[in-house]
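What follows is one structure encoded as structure tokens, with my remarks underneath.
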């Protein structure tokens, strides 16, 4: 089993590290155009192999290192700068994909592709079209990270394990995303009926709005404090890789091509989706309020507007 | 961190093994009145330590080995014989508890107690009364195992990961238990609205009834085939131990004393419950149909009837 | 990745359980001629999947279930009875192999075969000949278990982690086996120069002899106490499976065909051996004293004598 | 169980991440004087909790967050710049310790202290003296990382699993360090007698010298390529933390105060050492050649010379 990670920056190298620690694949390769950097990252990670389930890590500036990969994760792209919105990054990253994606598809035609570079939804759509691959084989990490932030905040507020919070962020991985509150559960209880939180206040609309805002703002805050986000995204993407590698059929809010989904079509966006060996499968349609449905439609439009701007 | 397991039979020794493999505690001790057996079990497990996160396993027929445990799991009891109902076992096992529980509480007064011996609900109630401990500190493994069977069957039918199925068995760990279908979810979709399963049939009332029946019948079938159930129960109880040891506040369907829960009182029975360092916390009240509520009340009555028969 | 386990008794089913807990393979299948039993074992294990890295477990009395396996582990054989020597079991188990091995090789011709049934060295030799496979593809679990017992006892005596003890049991998995003391190390110190143990006594020849005896006697003691050994052997065999599946090239004391090894030839016996994807590779020749060399030769003769008795 | 990490830069935050992924402690706290950065690191890591064994991560610029820690790891210090030798960093980092260590000892007097800041041997010695703690309670990560690099390179050359290579780097974590070749083993074979490597060349003195040089040069190379080393060191330090937390008594080449060790005294330096709950225990004395002994003595002198320069 082989995972190829394209881009050995903060996100790509942390992801390689998390793969190793989890034993997600036997072989991890890093590809980056910066040779000294990619070799240094691979060497630094490889030196830790003794402490992990056996595996191998190599790095190169030659795309051939990705040959025969089962999963290809693309993190090559401009890093989000403090204050910059995710959509601003679109043009530069799409340009990278025009060259990169055909090279990758040539050496790894059977891989499942996971886009991470931002703005992930737009770039996934562009990458999918450039690749010419079937839609199930090419998708983005979407709001898997945002979902994990949402669950973390709800869990902390309510005093339950994060694993007992079943809730999803959907829509754009960006400002227009939204939590699907009306289908969210804590254990067997609808989140909307949870009642008092740990500090005695109610989990009411005000508190939920504050949580949703914090999820959306998280990336900005972290980037302001440390210049990049890399740790949680590394784990989120390992989760996706494991779902593919082990053919788990797990429900994850990845960003994939939607057609006739709550009347949304021809856009890549995150909704709860079954992920397995072939990539993305059934997109689940949760019970939504009119307001949630409207939020999803607007999010789709926001993404589509940017994509169209770049000719996709 | 120390876990004491009382009873080194099929269940107790498999549980010790699973603890070791998971690194659930630094120290696992087995206590059983059969000295040769308990020493043999501990030795057989200890010989495998090289292959696991470090730890230690010891066995003894002296209850003092349990001293200072953080968690005490009680599996001592008559094994369910082919065809025998769980309630038939009650008398014998309650008698064991009259002697055993006070001895354990003396050496491990601050431990959280997890009863596994069957019929687990009745024996938990009796054990709690005998122990004199606060209710949160003494509970039973209840339907955690049955819940995992339910999720396994639903996952298999629907073609999704078992970790994406959020559903609970509640009530008696035994014939009167029931799935809480109306609060069950697959990803973000209510299970009742899931639609077609993997083989094209609908997940309709008939199929759900078949799944529920299979859950209830599982133990009988496995006991008929191999004489005992031990593997899944070992993992289910490790899950409970981890929730306590790591103070997870995870929602698990353990059997604990209910008071004013959907009008049910003074009985130990399983409902989705928050489990952490202090043992059981908030019992969650899911949305239930009238039929489900009625099923829970009847299950409570069945348990209470047996308990009362033995003076509890 | 698929592991097939033949024989769903104490050893086979515990091994399947350990595979699941370790995530050693995506798919584990159990094959046994006793249909009710094998189905019950598989069901009991499968019910615990929720608590483990995703995977699947199935059981059948049809050998076709083993088709396409990457590794086949054979535990079908008579269980060692209290008092019975391992060599006494030879005839019956070899007879089983005459039928079983050709069936297995037919459905899983590319698998690596790991023999566990006792007397494992003799049965491995017979199985290898019956199979017609190249020698690297068919070997026995040998003294991997005994080595782990040795390390456990040394670690306990010296007060160091078992992972810091580098020592091997070699020869027959049985009464004539011996520890390779002169190449044994604790950390960077030769075991023969370790000096005082935890209780102040020296790790001298007397103490080493006592440890060696305890290793040899372990199985008898455990079988006397609980009727079978299954836990440590389950972990030892998982370790072998992982070495093959992940192509680890790990040094393990498995039992394989020796040729010109310290003048020993044409016998299957355990020595430190590199194990990887293709099965067994280089057999390592440690520094041995004349006494150790002689012990190995005698052990080889003991095994060969039994094998020849059964026409191998 | 609580681990406090001082310094939330590349090393400290990666270490926190590795702790979480390994479940090495229930609670990880980060302390750094840069508030925005430490909060951002903690938040980024905490968002990934969903995907790991439960735990909590918090960050603060108030040293009180370290109160009651079981282990305190100190990574605060100047980062090694491209080309800069580790010894050049000494002065600045020792100055930091004069203020920092007393504050830490006040809030966490019973913790085991692990120094990581470079030049680690000198800074460990200074920190130990400043702390006033018993010597077993305060040591440095030393050559645990370098040892893992050595094993990685030997394993790759010889075609065996890194876990089957038993060899240690000793002396200074820096230019004067050396491999203890004469006690090194691969499986049960002395490394000096291994013979042909994977590419057919012999593991002779020339190749061993090349490997030793590569170990010493690794950090420079990685820093040149990516500006810091953080991944392998994160795993190496987690290994140390686990040895302490689980009281493993594992043999690790940490840097601790030596007295009468091969005639070396009054210096902190790495040799194979038993590490457990109380910190460092027995320092193992391997068989060394005269050349190796001399190398160790010289390394000790190099470290001592720097320490004395700063009044320690």
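Going by the order they are written in, the chains are A, B, C and D; count residues from 1 in each one.
Just so we're on the same page, contacts are C-beta pairs under 8 Å (C-beta built on N, C-alpha and C of every residue); 3 or more make two chains touch, one makes a residue touch a chain.
The model shown is predicted, which means the values in this text are computed figures rather than measured ones.
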item	value
Each chain counted as touching subunit A and subunit D at once	B, C
Numbering shared by both copies at the subunit D-subunit C contact, with half separating same from different	same
Distance from subunit D to subunit B - Cα centre to Cα centre, in angstrom	43
For subunit C paired with subunit D, centre-to-centre distance based on mean C-alpha positions, whole Å	36
Gap in Å, rounded to a whole number, between the CA centres of subunit C and subunit B	34
Residue list for subunit A, restricted to those that touch at least two other chains	54, 161, 163, 248, 250
Of all residues in subunit B, those that touch subunit D in their complex	23, 26, 53-55, 242, 246-248, 250
Residues of subunit B defined as touching subunit A within the complex	159-161, 163-164, 166, 168, 180, 183-190, 193, 243, 248-251, 272, 274, 284-287
Residue ranges of subunit C in contact with subunit B within the complex	13-14, 17-18, 21-22, 36-37, 39-41, 43-52, 54, 145, 148-149, 151-152, 161-163, 218, 221-226, 229-232, 234-236, 238-239
